[in-house]
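Take a look at the structures below.
Next, two complexes with chain A in common: one pairs it with chain B, the other with chain C.
Up next is the complex of A and B:
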């Protein structure tokens, strides 16, 4: 192979390294640094030691947000993945119909979060929204539900919208994995007289295991750092009922101009998301052996 | 399959079709109604007249500018991502140097970083650099968060290219820059198109950096524009739905023409960090 000088290597790597380090890596120590200050984002930075961290540990809203994040993790894992797997199995046999269905099922994934949230806020509107209109049409006229305004319901309503948007992603992931399973396996088991369910249980599911684990990690990490659909749909409300770590961080930093405390929440979010994805990957890897 | 099983399958497929498709039908038909008509007739009803008035109003109250702003930021970012990522990927995949693995892991670790931790520092940096409220201020963060996955995809692809091709060119007297631009780059077009599509959809729909780094209405991108538009038109549901339709249409058209590629590109990001 040709000799390449160190300088040449450096020149090739430089643009990517520079932009990546500046905007993705340097902010981590910087956020850690800011978390020791009281600061509006401009003007004087007042050193407050560990006060922000002490506040965070006792902050009921942060606890609530963290708990909501875990609810989101749980309901995404057990809402998105099974439905996505079901749809993928439905579409596994390639025909004209399944091709068209696949094309249509995919579309919500192309919408921006703002568009998804705007659409769903009109589906959920208590007076004119599609859902309550549907209830009215089928005869439940008095059952006008305030999906986003009721603190008991808000988080779950938002999660339904989130699932609607992300199910197509996992569906396509599973579909690709199912298509990679060699037909011979199914043919052999058919010769042995296996039923459809046995095929699924003993061929499809075991072979999909790596994809399911991969999808779970993505869903877990995505749910822990989730922000935009919630922010646009409820803003974390009513009364922090649908607050997540990321929305709480954003509101502290950019609405209340508490940049120091915002940085503390951001760092906590980073540490929590990082730790959980490492634990999850360790556990699933062990299970695979 | 037994008859009952078949009916259940068709039923489930139909229900999901309705859940996916009906919201779009609702948006489309509502966007053609007047506000008065929306509140006085049934939500399920078709519009009385097929009218594009709402679309014209929306286009004139900002959507043309939102499109242009999003287009500028997305295309510029994509060009920088593709050039810088493929240059780095070429070194990592093909050239033996001591830190090769470390550099690769360094970039891959980026997939584990939630962008929220970057928001406050990036906001500060952008202000210090005088890029706050400028479209160019979005390009840095956009490129940075797209690099890990792009480098990952491109490195995998470049590693598969047989060494003989480069060696032949080297013997013919080509230097490394020529080998990169004339031999490697043309060969990695399929991976580049995957990277381009994946990042295009992501950046076109990006919201949070725009929210933090832009406040001037002249500089709103499509998501920020739609967000303010729905705030402004609040109770005018047909107008709001028109806004949503307008924000979805470009990618929808893109998808209709390049379906398989878009599906492939969008799931290329599905690798664990």
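Up next is the complex of A and C:
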């Protein structure tokens, strides 16, 4: 193989590196900088020291948003991933049906988030929506569920929509990993008289471990910084009941013109997501040894 | 050798692109607004651009429309990056004032006084863009009024009349409810929809001064009696079952409020007069079953019964202070507000805020709306347009709490007042 010069590598990496630094890396110290100011996003910047951070620590809505984010993390890790894994295992067998099902199950991921949110908002519509209509048809005539307007229910309704959208992604991830497990292992275990459960427990699961960990980190970080479906479905409402850190950040920075405080939330979000993924990766690495 | 050659070619290509971009930019006026394909006013803007460019061949106008909600963010980011366009659109009021305070907007007072251009506009429309004694934008599209739309056939069937007072209004609500209808259709996910009730109630109970004194800090307060009572009345209506179940989750942008009207489930609908255009589009067969009345009065209230919630000017156009083509930009805005544009706007069902526009009106519904606006002693601009964004958000945040009864009227009023104090202390 021809030796590639360092310069060539550098030049090929440059465009991606530039875009990454400009749009991903640079905003982080910049947000940290803005978090010390009262600023509308334009015009004069007034230095306020740690005021924004003090406000954040005492801000009840931020606490609520943070808690909601953790609920989302929990329900994604223990909802999305197991279901995705189950589907992947069922679809791993190659038959005609599984090919069709694979395509069908993959559809939610192909739709844009806004379309998914609009779809679910029609499903949840309390008066004419699919779900309530269905419940009424099968006999619950007096049942009226207010999926998005009830503050106790809104967040969970949104999480169902989020899971529906992202399960196919993890399903494909797991499916690819399962396909990579050599058949010899299963053949050998069959010779040894292993049951289906034992196959899963002692071959599939251990070999999927790296994929599961990767998927978990993706799901963890994705859930902590989640924005779009919530924004379209409830806008964080009613009355902040389904507020997430990212929607609260957006509201402050762009609706209330409090760019300084919005930056503070953004940085807090970054620190939280960063810390949790580091801890998660450390813990799972230790487990591997 | 080969390398050098390709390098030279690449660099020169870049230079050509750079030069051509700057060559175009020399005579280009950039115009930002929200008239995307979805907006009916687009042809009016395009026609004004064409007419201006034909008369002023040294200029081209680059029209960049962006959809409503994205537009606000986009403009804000551009302002922050000192990258604002020559001409930009806003809705006047508090948000525009933020840009004026930041020194971003050209003072148009001189230009307006020249050749009496100022006489072209309905004064109330210009008023939304006046800060101190100076004008910073001109209104181009629609005067708007929020009205109580109702299904005439349902009113007839149930046997109720248009209510004049709040007591009558409650009667109507109870009777409609007993007849199995949802009295008031409302989709409150969006919050500005529920805010319309609140604004009317504050006005009817406390008069226009209640809001103006609170907003302008003339000894008023958002926690004063009128605001608390407005919240109480909303919750009284909630208790009467006046609103659709699940009201806080329904989405106005998806028309979930109007679906209830079309399906014969709901009878009344408090909405801006644009609802007329929407109904005409969505359900033309039912249009004749709709009419409107004014928000009822409170017998002990201070509000003038002719007062409306609405806006005496919709889309307002400003010129950026940083623009290098201020004169040409003003000239273009004259095209956008001339007789031709006025006639085109009215034909689209848009009450352009220009003097003499009534001559073009022929649709009886529009004449009614025009008269309501013309006879109003005061038009209460939407709170979220009048107030600085920070306070406006606090107000909107309380609306779902009031309709969902997760907040008491006192708490809601107090929350807005606290945000107002915080905002004004920081100024």
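One rule holds for everything that comes next: the second predicted complex is superposed on the first by the 270 of 289 C-alpha atoms of A that agree within 3 Å, B and C clash if a C-alpha of one lies under 4 Å from a C-alpha of the other, contacts with A are read in each partner's own complex, and residues count from 1 in each chain.
In the analysis below, a contact is a pair of C-beta atoms (placed from the backbone, for glycine too) under 8 Å apart; a residue touches a chain by one contact, two chains touch by 3 or more.
Predicted model, so just to flag it, every value in this text is computed and none were measured.
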Three-chain arrangement built on chain A, chain B and chain C clash or fit: clash
Which of chain B and chain C A:262 touches, first, second, both or neither: first
Contacts of A:123 with chain B and chain C, given as first, second, both or neither: first
In the superposition, chain B vs chain C on chain A residues touched: B
Touched partner set for A:38, first chain B, second chain C, both or neither: second
Partner chain(s) touched by A:173 [first = chain B, second = chain C, both, neither]: first
First, second, both or neither for A:115, with chain B first and chain C second: first
Which superposed partner A:155 touches (first chain B, second chain C, both, neither): neither
Which of chain B and chain C A:235 touches, first, second, both or neither: second
First (chain B), second (chain C), both or neither touched by A:212: neither
Partner chain in contact with A:101 - chain B first, chain C second, else both or neither: first
Selected from 9-17, 45-53, 63-71 or 207-215: the stretch of chain C that, after superposition, runs into chain B: 63-71
Overlap of the chain B and chain C footprints on chain A, listed as residue numbers: 41, 118, 121-122, 128, 254, 259
Footprint of chain A on chain B - complex, ascending: 1, 5, 9, 12-13, 16-17, 19-21, 23-24, 26-27, 38-39, 42-44, 80, 83-85, 87-88, 90-91, 95-97, 103, 107, 110, 112-125, 140-141, 143-145, 147-148, 151, 163, 166-167, 170, 176, 180, 201, 204-205, 207-208, 211-212, 222-224, 226-227, 230, 237, 240-241, 243-244, 247-248, 251-252, 255, 259, 262-263, 266-267, 270-273
Residues of chain C that touch chain A when the two form their complex: 72-73, 76-77, 79-80, 95, 98-99, 101-104, 188-191, 244-251, 254, 256, 259-260, 263, 265, 388-390, 393-394, 397, 400-401, 404, 406-407, 426
Of chain A, residues touching chain B in the complex: 1-2, 4, 6, 8-9, 12-13, 15-17, 19-20, 22-28, 30-31, 34, 41, 86-87, 90, 101, 103-115, 118-119, 121-123, 128, 130, 133, 137, 164, 168-169, 172-173, 176, 196, 214-215, 217-218, 221, 224-225, 227-228, 232, 246, 249-250, 253-254, 259, 262-263, 266-267, 269-270, 273-274, 277, 281
Residue ranges of chain A in contact with chain C within the complex: 38, 40-44, 46, 118, 121-122, 124-128, 144, 146-151, 154, 234-235, 237-240, 251, 254-259
